[in-house]
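Per-chain numbering from 1; labels A, B, C, D, E, F and G assigned in written order.
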Amino acid sequence: MKDILTVSQLNDLIKTFLEDNFGSLWVEGEVSNLRRPPSGHVYFTLKDDKSQIRAVYFRQYGQRAVKFDLEDGLKILCRARLSTYPPRGEYQLIVESVEPQGVGALQKAFEQLKARLAAEGLFDPSFKKALPFLPRCIGVVTSPTGAVIRDILNITRRRFPSVNILIAPARVQGTEAAGEIISALRNLHSFGGVDVIIVARGGGSLEDLAPFNDEALAREIFQSSIPVVSAVGHETDFTICDFVADLRAPTPSAAAELLVPRKKELLETLCDLKRRLAAAERRHLDDRKDRMVSLKARFRDPRRFITDYSIRLDDFSERIRRAATYNIQTLKSRMEHLTQGLQNQNPQKHVRERRIFLGSLEKDIVNSWDRYFREREARLNKSSSLLSSLNPLAVLQRGYSITRSLPEGKIIRQAGELSLDERVGIQLAEGSFHARVEKIQGE
Amino acid sequence: MAKEKFEDALEKLENIVRDMERGDMPLDSALKSFEEGIRLIRFCSAKLDETQRRVEQLLEKENSLQKKNFQDEENDE
Amino acid sequence: MAKEKFEDALEKLENIVRDMERGDMPLDSALKSFEEGIRLIRFCSAKLDETQRRVEQLLEKENSLQKKNFQDEENDE
Amino acid sequence: MAKEKFEDALEKLENIVRDMERGDMPLDSALKSFEEGIRLIRFCSAKLDETQRRVEQLLEKENSLQKKNFQDEENDE
Amino acid sequence: MAKEKFEDALEKLENIVRDMERGDMPLDSALKSFEEGIRLIRFCSAKLDETQRRVEQLLEKENSLQKKNFQDEENDE
Amino acid sequence: MAKEKFEDALEKLENIVRDMERGDMPLDSALKSFEEGIRLIRFCSAKLDETQRRVEQLLEKENSLQKKNFQDEENDE
Amino acid sequence: MAKEKFEDALEKLENIVRDMERGDMPLDSALKSFEEGIRLIRFCSAKLDETQRRVEQLLEKENSLQKKNFQDEENDE
């Protein structure tokens, strides 16, 4: 031991020594000077009236080991080990689990646990599993003897005879109870076929009900994949189990009634549904049939279109016929009229008229010629007859005669114009003769 | 003298007649006028006859045509 | 002279008649007018005859058609 | 001339009749108009007859078809 | 031409009838319209007959089916 | 075509009936609608009959089962 | 499908009935729903018909779990 130690070597030696010799301890004391740094670890001082020691409660332990929250002044019993911290040459308790000390602490612990679990959400209704409507098999965690199981069996048989019951026996009182209940629950899970679990016991005192306030049990119930009904027979007091369970029944009998429906009612419901189903389907069909019937009634064949069209077509046919005939007749009568008109203008009429006119002109020209001619003839005749009455030789008829010189033929009106022996011609009324002047008188 | 006209001749004749009717014409003149008158009468008569003949010819021809047409027309009726 | 027209001929004829009725025409002219008148009469007559004949031809042909149609119509009734 | 139209022919005919009815037409024109009128009547009548025949043919055919259908329908009943 | 439609044909026919009834159509057009009209009448009649026949066929078939179904139904009761 | 639905068919039928009741349908369409209508009526009727048959079958079977069960239960009481 | 639950079946059935009572379901769907309904009714009926009841107790024996009839209780009846 002559070796000179460095501080580090010394602290290492002390650490080894202390940790080897104080591996696991039970220490009781009062909590003081509690600190909760953000790391989540809890630092406090455990003290009694004379002494104190530093303690730390690491978060990783805290999850499962502390059944209630630490606070200054609380009396606790810790399971811990001793640990050193060489850099500073200090030692402290590493707390592994904490239990409350005394009745007040129990109630406190209950409240704390309830608050904590609530804060964690274990009682959250959203985590509540739905109970099976008609469980085929109900697991019952309870004592296999006594009134509780009998009540449950009676009620389920009465309500629905075909529900199976699987009993997972567990003590429901005493320090072992919570653990037994947990393993009973686990057994039921691992055995399978269980639709719902009733955790049941008859009524009792707060202490009797202590197992049902166990955190581990509460967490087990919370984690259960099978819905759990808590039926801890106490009308007024609630246990942690009651809060965490999917359903709380005031008594085991009530739990049985809540879980198992009446078969008769179900049959009636089913009958009713069946009746409604059939009725709905029939109504559905009838409705469609009615629609079909009305549609069929309204569905008429297009022959009336055809009839309508036929009538129109006949009308057109009749009218086109009439129009064509009428048009032709109209044109024909117009033609007849024109023909008649043309016939009336037959140039033969003109010819006839003109012929008459021409005839009258001819008559006129002949007549006017006649008139013209006769006028001239008359004039000539008149002059002619006048002239003949004026014939100077006419006096000769009365015995006169004309004496003319010869050969001149000059009419001798004075005897003196004559010479004796001269020859003269004498004209008588009838015939003439020559004579010789023998004597002249009247000179 | 150009061809003697009927109208001139007729007029001369009428003048001669008128002159002679006055009665104071010497026999010589009277005889001459008378002779002229006779000649004129003859001339005019000839003219008239000739014209008349021509007209009658025409009318005859026309009548026969007319008659024919008339008969045709009657046949048409 | 272009083809003589019936109407013109008739008018000429009328004028001739009127002139002649006045009676103061020299004989030669009168005869010539008369001759012309006769010629016009003849011309007009011929025209009329010709027209008549043409119409008769047409009608003969047409009448047969007309009559036929008329019978058809009657059969239709 | 393109094919003569009935309506044009009818109109011409009407004009001819109207002109002739006015009565102051020279003989030649009257004859010509009359001839043209006759021709037009002949043309129009022929057209009309032809049309009428065609119409009657179609109608007869149609009637017989109709009758047939009617009998078919009755037989169907 | 695509397949002629009954309605179109009927409408055409109606127009033709109306046009012809106005009576102011040239004869040629009128005849053509009439021919087209007769053709349309024939077409429409045929269409109607065809449709009628088809409808009756369908109804007959349907009736016989119906009767059969009805009997089946009665047998079901 | 995927399998035709009753409702679609019924709706189509209703539309057809409505269209045909409006009455202004072209003939071709009317005929086609009629044919389609007949087909739809046939289809819908068949569908309904088939469904009805199937429903009755199921109900009959179910009723006989039920009766049996009911008797069983009564025996239990 | 995992093993069908009575209450799921009942709920499905109720939904089906409710849906069908609304009446606006297509025919096919309605029939299918009806069939499913009938099946569910049958399933539920069968479920309700199960009459056997077992009351057992879990035993831990030689580190393994076993079931044992809960004899005493049955004897009570």
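As a working rule, a residue touches a chain if its C-beta (ideal position, glycine included) is under 8 Å from a C-beta of that chain, and two chains touch if they have at least 3 such contacts.
Here the structure is a predicted model, which means the values were calculated and not measured.
Novice: What is the set of chains touching both subunit C and subunit D?
Specialist: Correct list: A.
Novice: Are the interface residues of subunit E and subunit F largely the same numbers on each copy, more than half shared, or largely different?
Specialist: Comparing the two copies, subunit E and subunit F contact each other through largely different residue numbers, since under half are shared.
Novice: Hey, which chain ends up farthest from subunit G, C-alpha centres compared?
Specialist: B
Novice: Max contacts between which two chains?
Specialist: Top-ranked chain pair by contact count is A-G.
Novice: Indicate the whole-number Å distance between the mean C-alpha point of subunit B and the mean C-alpha point of subunit C.
Specialist: 34
Novice: Could you tell me the distance, in whole angstrom, between the mean C-alpha positions of subunit D and subunit F?
Specialist: Averaging C-alpha atoms per chain gives centres 68 Å apart.
Novice: Roughly how far is subunit A from subunit D, centre to centre by C-alpha average, rounded to an integer in Å?
Specialist: 66
Novice: Where the CA atoms of subunit C average out and where those of subunit G average out, how many Å apart are those spots?
Specialist: Centre-to-centre distance between subunit C and subunit G: 134 Å.
Novice: Which subunit C residues sit where two or more other chains touch them?
Specialist: Residues 6, 27, 34, 38, 41, 45, 48, 51-52, 55-56.
Novice: Hey, what residues on subunit A touch two or more of the other chains?
Specialist: Where subunit A meets two or more other chains at a single residue, that happens at 161, 267, 274, 281, 285, 288, 301-302, 306, 309, 317, 324, 331, 339, 346-347, 350-351, 354-355, 362, 369, 376.
Novice: Identify every two-chain combination in which the chains touch.
Specialist: Touch list across chains, by label: A-B, A-C, A-D, A-E, A-F, A-G, B-C, C-D, D-E, E-F, F-G.
Novice: Okay, in this complex, where on subunit E does subunit F touch?
Specialist: On the subunit E side, the touching residues are 5-7, 47-48, 51, 54-55, 58, 62, 65, 69, 73, 76.
Novice: Going by the contact rule set out above, which residues of subunit D touch subunit A in the complex?
Specialist: Contacts found on subunit D: 6, 10, 13-14, 16-17, 20-21, 27, 30-31, 33-34, 37-38, 41, 44-45, 48, 51-52, 55, 59, 62, 66.
Novice: Enumerate the contact residues on subunit D facing subunit C in the complex.
Specialist: 26-28, 31, 34-35, 38, 41-42, 45, 49
Novice: Once bound in the complex, which stretches of subunit A touch subunit E?
Specialist: Spelled out, the residues of subunit A in touch with subunit E are 301-303, 306, 309-310, 312-313, 316-317, 319-320, 323-324, 326-327, 330-331.
Novice: For the complex, give me every residue of subunit A touching subunit B.
Specialist: Per the touch definition, subunit A meets subunit B at residues 355, 362, 366, 369, 373, 376-377, 379-380, 383-384, 386-387, 390-393, 402, 411.
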